[in-house]
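Across the two complexes that follow, chain A remains constant while its partner is chain B and subsequently chain C.
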Partner chain A sequence: PSWGHQRLSWGHQGPPLGTSGTLSPALSPVLRRCHLPVSPALSPVQAWVESLRHPEDTLRGLAELHPDVFAVTPRLDVLHAVATWQRNYKRISHARVRTRAEVRGGGRKPWGQKGSGRARHGSIRSPLWRGGGIAHGPRGPTSYFYMLPMRVRVLGLKVALTVKLMQDELHVVDTLEMPSSDPRYLQDLARFRHWGRSVLIVDVNEFPENISAAVEGLKSITLIPALGLNVYSLLKHQTLVLTLDAVAFLEQRLLWHDRRYSPLYPFSMPYRDLPEPPRAG
Partner chain B sequence: MGMRNGSSFNILPETTHGLLTRLWHIGRKEDRVVEADQAAPEKEERSEPSLICPPPRSRSYFPPEDLQSCLESHVREVFGPSLPEDWQQTPLQENRLKHRLLARLAAELGHAVPNSQLHQMRCAGDVLGFYRTPVKDGSKIDELAAAELPPNLKIIWQQ
Partner chain C sequence: MAAAAATLLLRATGRALLGRAAPLPRAERGISDCRGARWAPARPGLPVPLSSPLAGLSRPIRIKEPPKRKPVDRWTKKRALFGVYDNVGVLGGFQIHPKNLIMGPTWLRGWRGNELQRCIRKKQMVGDRMFVEDYHKLNKRIRFLYKRFNRTGKHR
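Right, the complex of A and B next:
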């Protein structure tokens, strides 16, 4: 598919367009338009297209981002709901304590009902006794599984992307090609561009060797495929770096949910009339 | 222990442990040689100017005095003949021209429009308004620490 933008390769010629003051008019800018229809009442939001080839290469081009994905109402309650769901739905608590019936012993009445002067008791393992069972303790394993509606999870992703863009923590990169596989280069680049303490890099295709090797040694920079993007990771990392392919992929997948029919049976099962297998956002 | 063939060190070790220790030491020397070889080309790679990262610049920005004339000249240069009467009303709808103008201004003034405000730059007047606002780098505590304080007040700020 034609992406509607141009890619140019350049050798070690130095930074093309950057805030250092040197201009190289030989390179044409990388421009990206929105491929999916935008409502006439809204206009696309924009972001600079940067490059990882040189630390000062931050003004490669201009990318248009769909407003229904990158400029939605900032629903912080949805973000909280989705982040809490992500933490809890996988949780199985194995805490379990014994009740008075499960504690060893305690079948016999310790002393007679009347006459001994002590309080009346029926067993030495009742919850009142030391060493006795627990009355209302955890009775695990307990599952905390629940599912939020698909559209809420999709909206959570859209809100997270919007928040990242509007807080200047989103950066768009044309490709993830790096000149060296040195992790220090990537760290210096992130520090030079004021990216923050943690960076999340997202791409659709397989990652080039240089960046995979560089990120392996680093704890503050993470690579994930676009299918693995989630609200918890977005909130955990300070900066998000998307490639142009990842932007197109996310827009297509997240906007599909706005115009789809409700499923008659779960989308995980095959549909004959839908062109590609749809999956939960 | 039986006879050993092919031992290149001309030493008959008394035990298997001694043989293993000598093999381990010789292996270590080879590793050191290999490491030295790898370190040298790495240093050469780092000394190339294209891979050495410049130190981070401060994000503070103060608008220059001739900002309006500078901006006007850039707008006329980029947009050429197609300018309305008031140059501040020039729409920035075309992405190519918008990128060219904003990239030139960023290169000249050392301050680029952040991603969150790019969509708000609809006309040249918006760009002028953006570049008129100064930007401070440090936080309030940094300013306080840099200002003149009474002698009994000390600020220890470790980042």
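Right, the complex of A and C next:
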């Protein structure tokens, strides 16, 4: 690994919890509580908070995750429905063949009805003929658009996040700050921590330059804003890395749907009495 | 030496007495269509193992393999970022709907219909921009599909 030959400093955060205290005094651990109310029957699930500053920095603190987002029933049928929807709703197939009316020619009867000894035909472009039109072929640009109910799409996201957490493929990171913008550093870090073949990194809004430069050069590590989170990408990438801000954002947006009324008009227009649907920042 | 010769003689007489016939002729190789390259005594040193159906043929049969699959890169930019922003409505305050992200013909964005509905919608939205011949063909198609759907078959 490349870091063995460099002398990396810990920076202002101090050394991770797991190492000995011979270095500068360790800061207090990063603890994150659930800001939104949790039902008294459930308790939050927990995940380690890691950091990208050093490959061994995996025990920087503990984050509590809301159980109604990260510990729902694992509905695989909902996952399948949402992933299929994502594949198909934007599909527009441009396959088109000409019918007998559209093929050039074929207006005249090729030979008389009776007497020639050949089969009777009305045009040389009927579907029976070579070079004729196709009777029941694909016709024109076809769209396969449909929408799943909003609650189903939200539940799909919750189930996907739950599955990632329960299969040890979810990692929470405090920030995305990296010591270097070398793609190999990120690749070695992912390999050292056994993250898997593909990593999806999610943050809210702005990314530090180092990580965007590092991800430019890598194929199977993807960096997306929290707005872009979706079930298909979660299933395509093996590991998910969320920042604490992204966790708060997702919890707030996904839990709002449990307590809202049905829309009488689209939510894009203002409501007076509902808890305000969270606006984009 | 003499003992070996004596054993052989003894075995030959034994076989003759028991009436064992000569070694059975080898069964015909069951190759359905080898296009004339029938079985012949195998020459030693051939690359094909003797157990395969190709062994011992006088002329090598041309074997066609199924075409190899071309390698597909699963991590291009398009494939890695497929599906991103599909939940921009839910996660983003409902200002954008995912149907606004669909790239395609104007009359098909965020809408679905059967062929007659698509033709009518295309005529309504884009009809005055179309070429004359295409507009004419579109009208013919609408007329044909209307009669087909509403006057023939079980559902009318």
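Following the convention adopted for this analysis, the second predicted complex is superposed on the first by the 246 of 281 C-alpha atoms of A that agree within 3 Å, B and C clash if a C-alpha of one lies under 4 Å from a C-alpha of the other, contacts with A are read in each partner's own complex, and residues count from 1 in each chain.
Rule of thumb we're sticking to: contacts are C-beta pairs under 8 Å (C-beta built on N, C-alpha and C of every residue); 3 or more make two chains touch, one makes a residue touch a chain.
Note that this is a predicted model, so its numbers are computed, not measured.
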| item | value |
| --- | --- |
| Superposition on chain A - do chain B and chain C clash or fit | fit |
| Touching partner for A:Asp57 - first (chain B), second (chain C), both, neither | neither |
| Partner chain(s) touched by A:Asp174 [first = chain B, second = chain C, both, neither] | neither |
| First (chain B), second (chain C), both or neither touched by A:Gln46 | first |
| First (chain B), second (chain C), both or neither touched by A:Asp68 | neither |
| Partner chain(s) touched by A:Asp203 [first = chain B, second = chain C, both, neither] | neither |
| Shortest CA-CA distance in Å separating chain B from chain C in the superposed model | 17 |
| Chain A residues contacted in one complex by chain B, in the other by chain C | none |
| Residues of chain A that touch chain C when the two form their complex | 86-87, 89-90, 92, 99, 101-102, 139-147, 150, 153-154, 157, 198, 219-220, 222, 224, 226-233, 236, 249-250, 253-254, 257, 266-268, 277-280 |
| Complex contacts: residues of chain A adjacent to chain B | 12, 14, 17-23, 29, 31, 33, 43-48, 54-56, 58-59, 61-62, 64, 71, 165-168, 170-172, 179-180, 182, 185, 188-189, 191-192, 194 |
| Chain B residues touching chain A - in the complex, by the definition given at the top | 42, 45-46, 48, 50-51, 53-57, 59, 95-96, 98-100, 102-104, 106-108, 110-112, 114-116, 118-119 |
| Contact footprint of chain A on chain C as seen in their complex | 75, 80-95, 97-99, 101-105, 108, 110-113, 115, 118-119, 122, 137, 140-141, 144 |
